[in-house]
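Presented sequentially are two complexes of subunit A, the first with subunit B as partner and the second with subunit C.
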Partner chain A sequence: MSEALALPGVAPARLTRRGVGRFAKGSAGVLLLLAAWQLSVPLVGLSPYFYPAPSDVVAAFVDLMRKGILPVYFLDSMGRYFAGLAAGALLGVAGGVLIGLNRTVALTLSPLLRFLFAIVEVAWIPIFVVWFGYGWKTILLALVYVVFFPVLYNTLVGVRTAPQALVNALRSLGANRVQVLRYAILPAALPGIITGLRVGAGFAFRGLVFAEIVAAKTGIGYLIFEGTQTQQTARTIVGMVVMGLTWLAIDQCYLRPIERATIQRWGLTVDAEQRA
Partner chain B sequence: MSPRPLPTPTWLGTLPFLAVLLGWWLLPMLVQYPPYMLPSIGAVLEFARESIVDGTLVRNVLASLARLAAGFVIGMALAVPLGLAIALNRHVADMARPVLSFLQAIAGIAWVPLTIIWFGIGNGSVVFVIANTIFFASLYNTVLGVQSIPTSLYRAVRSHGGRGVALLTNLILPGALVQLLLGVRTSMAYGWRALVASEMIAGSSGLGYMTMEAVQWQRTDTIILGMIVIGLLWVVLDRTVFTVIERRTVGRWGLLQR
Partner chain C sequence: MLRVPLIATAVIVVVLAGGWATSLVSAQRKLEPLGPTAPRGDYRVTLDFAPERFHQLRLQEAGRLVEVRGNTVFLRDVTPPALRAIAGEYWVGAVERWDGK
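Let's turn to the complex of A and B:
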């Protein structure tokens, strides 16, 4: 879902003639949309509160930058996001490995874990608000929650795919528990961990915006919400644009390279081992 | 390399649920806290009974499900034609890709403040947000579905004289359908979150509204009942609808990767 229409089998645009052509057409698409939006404003004839023009949005952006609001909000959001992502991923991997090592424990716990994951993080926010109030605790907990479960579950499944023959071979060659973990179980679980991280990162980004709408006084989600509350709809759209560009940047510069470096390399390795 | 599913859970799986209930029951005897923070099991059960008897719970569940269904139908109806156009025409794809990637990145809950201005609090806002979420998930799956049709099948249909509408109905639509159905579960996972979240901010009924509304009155019994229903409903939907769709169609056609 977060693959953002990157079509399979199509290499990322490079400086080839095809790449340049695609870049030009893509830019034309963006400009066309912006032009249509700007031109439709006088035609629609609604107040900027209902339907701000791109020029209003640019003005709001400059204003938010000059007042220093946007950089602060942006850093607050990113701090929350990556703190939640890191904590959720660490807990998820640790939990997944611990639970996954024992078949009976995995069998016993998985229905509860599945049920807890089905209570989406969004549904926890009201009770978090009652327990911890409006603020960073609620937001961070929601993010940790939404990252934790996909990572945990996929790690768990990944650990269970570690080839038993490999584990036995390592053991009979005198490997201790840590070495078995390091050389057999973690490599087998890695594709699952990365899949879980990707799913969690996508849910968490939307979860962040929602949690900030409900429970924050700073951040991009708060900016999106506050803009319409104070009749500054252009600010809302600045927030949405910043959110979209941020997610594209996270996805392109961060998640996809990790995926390429791990799943594609390690996934194949593990697969070959299983077949052997 | 899709992960092997864990073996089907046995009766052992009920133990952790019992442990949670036991912990919930014992907690007030061990720690002191104001009762509004965590109501007793009895209080939640009593509230569940009341709200089932007076029909509010059923009404809220039905309202949520109706919005999910409406958003799903609208989102799919828009996504499939556009997805086909993108997948079949390189120029359309090149022009639309950056714009759509960007819009996909903000799909869902971020639209709620704007939709409140445009449609007010209620059905319009919530359905817009769900349709928006489902649209982008399904668009991606439609494109992927068409692209993953093997070239040899195109050549086979072409060499038998299949063109235009015949090509579309005999190869492209069925080919894309597989990926669409595979994607329904993921799309719905995003759609479900969008539903609950948008009802919390912009709803006037439904499960999300019921749960968030209770915060101002500190009615934690309502909140916890809402959470349990949200969880159970998703498990049931996932088990009875989406998994079955996947098994009946994709599994039968032998396209599920193992």
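Let's turn to the complex of A and C:
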């Protein structure tokens, strides 16, 4: 982590202090919000159904854990999310490379893809429910749909912007199509693929909640929906907090390090936090 | 460079493996007093709390849910693998034979 963050002329100890300071500031903001929320509950004077206190949310979290509901819902959601992300990313990369390399395929598919890109997954889910029923097929399809387009377009841009001089040089050295793809086009497209993956991962996370609300009987999205249906608003907030924290963890533990290892390492972009 | 994703993945694998191992031990401990199990049997599953819809749906996957009385759920036609799966759940307090009445 420290290697990835190391900036020229900045000592690691200073970086650690800066990281601790940033964490302390972020935590202070959250604690202030929680304190204001807890103190406002008696002032507002509404029932926990309308306005649960943070202590109610903590109690709901403990209850959901004790009863084994939250772990199962969380694992179900994560299974769907990563399966959808992986399938959507694979199809998106394959489609982007295919369209980027073949003009005929590009001309044939481009209008259709632009048309489909404009239709959000929310509009598709009721149709998917009719076709595949409630359950994992519908959710998986919705997530694949959400991830596919950002990955496809970013891969396509990456493939099209591959340096022609490098491609020509490889060809003149006798490289075949697969070697040109492996040594020139895919490395050039990698930053685009990573950007598409990051965008798609975010879209899929939002899509997951909606898909689970409509088409599932388990999962964090379903917990959010069920909480309001059964007048257990604190459970709904637990679901929302879990979603937020999970996204933070995925972003910090996977997306950012992968981005640093590819895009930033090659000097193509600078993290906004590093600039600050 | 990719140390953080590797550590995170290792932590997830350890947590999942730990959960799986705990579930196996827990199932063994709860089923030991029952002795050998029949190919299909009727059982009384007791929880530490009143079962919610989630628990009833999970238990229905194991067998035919006949009745819910207080914290106890009565199941028929439960196979040994399904029984082990139920007993492995940490929210299941006890599993006992039921004579079906």
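By definition in this document, the second predicted complex is superposed on the first by the 237 of 276 C-alpha atoms of A that agree within 3 Å, B and C clash if a C-alpha of one lies under 4 Å from a C-alpha of the other, contacts with A are read in each partner's own complex, and residues count from 1 in each chain.
Here, a contact is a pair of C-beta atoms (placed from the backbone, for glycine too) under 8 Å apart; a residue touches a chain by one contact, two chains touch by 3 or more.
Since this is a predicted model, take the numbers as computed values, not measurements.
Q: Taking the superposition on A as described, I'd like to know which of subunit B and subunit C A:V129 touches: first, second, both or neither.
A: Touch partner of A:V129: subunit B, not subunit C.
Q: Of the partners subunit B and subunit C, which touch A:T233 in the superposed model: first, second, both, neither?
A: first
Q: Does the superposition put A:K217 against subunit B (first), subunit C (second), both, or neither?
A: After superposing on A, A:K217 lies in contact with subunit C but is clear of subunit B.
Q: Quick one: is A:I69 in contact with subunit B, with subunit C, with both, or with neither? Answer first, second, both or neither.
A: In the superposed model, A:I69 contacts subunit C only, not subunit B.
Q: For A:T138 in the superposed arrangement: first (subunit B), second (subunit C), both or neither?
A: Neither partner.
Q: First (subunit B), second (subunit C), both or neither: which does A:Y254 touch?
A: Only subunit C is touched by A:Y254; subunit B is not.
Q: Looking only at contacts as defined up top, I'd like to know whether subunit B or subunit C touches more of subunit A.
A: The partner that reaches more residues of subunit A in the superposed model: B.
Q: Touching subunit B and also subunit C: which subunit A residues?
A: The overlap between the subunit B and subunit C interfaces on subunit A comprises residues 1, 3-4.
Q: Touching subunit A in the complex: which residues of subunit B?
A: Contact set of subunit B toward subunit A: 1, 3-7, 9-10, 12-17, 20, 36-37, 86, 91, 93-106, 108-114, 116-118, 136-137, 139-140, 143-144, 147-148, 183, 186-187, 190, 192-193, 196-197, 200-201, 208, 211-212, 214-215, 218, 220, 223-224, 226-228, 230-232, 234-235, 238.
Q: Name, in rising order, each residue of subunit A that touches subunit C in their complex.
A: Listed in rising order, the residues of subunit A that touch subunit C are 1, 3-4, 66-69, 71-72, 217-218, 249, 252-254, 257-258, 260-261, 265.
Q: Would you pull the subunit C residues touching subunit A in the complex into a rising list?
A: Touch list, subunit C to subunit A: 1-5, 7-8, 19, 48-49, 52, 54-55, 57-58, 89-91.
Q: Show me the residue ranges of subunit A that touch subunit B in the complex, using the header's touch definition.
A: 1, 3-9, 21-22, 25-30, 32-33, 49-50, 104, 106-112, 114-116, 118-127, 129-131, 154, 156-158, 160-161, 191-192, 195, 203, 206-207, 209-210, 213-214, 221, 224-225, 227-229, 233, 236-237, 239-241, 243-245, 247-248, 251, 263, 267-268, 270-271
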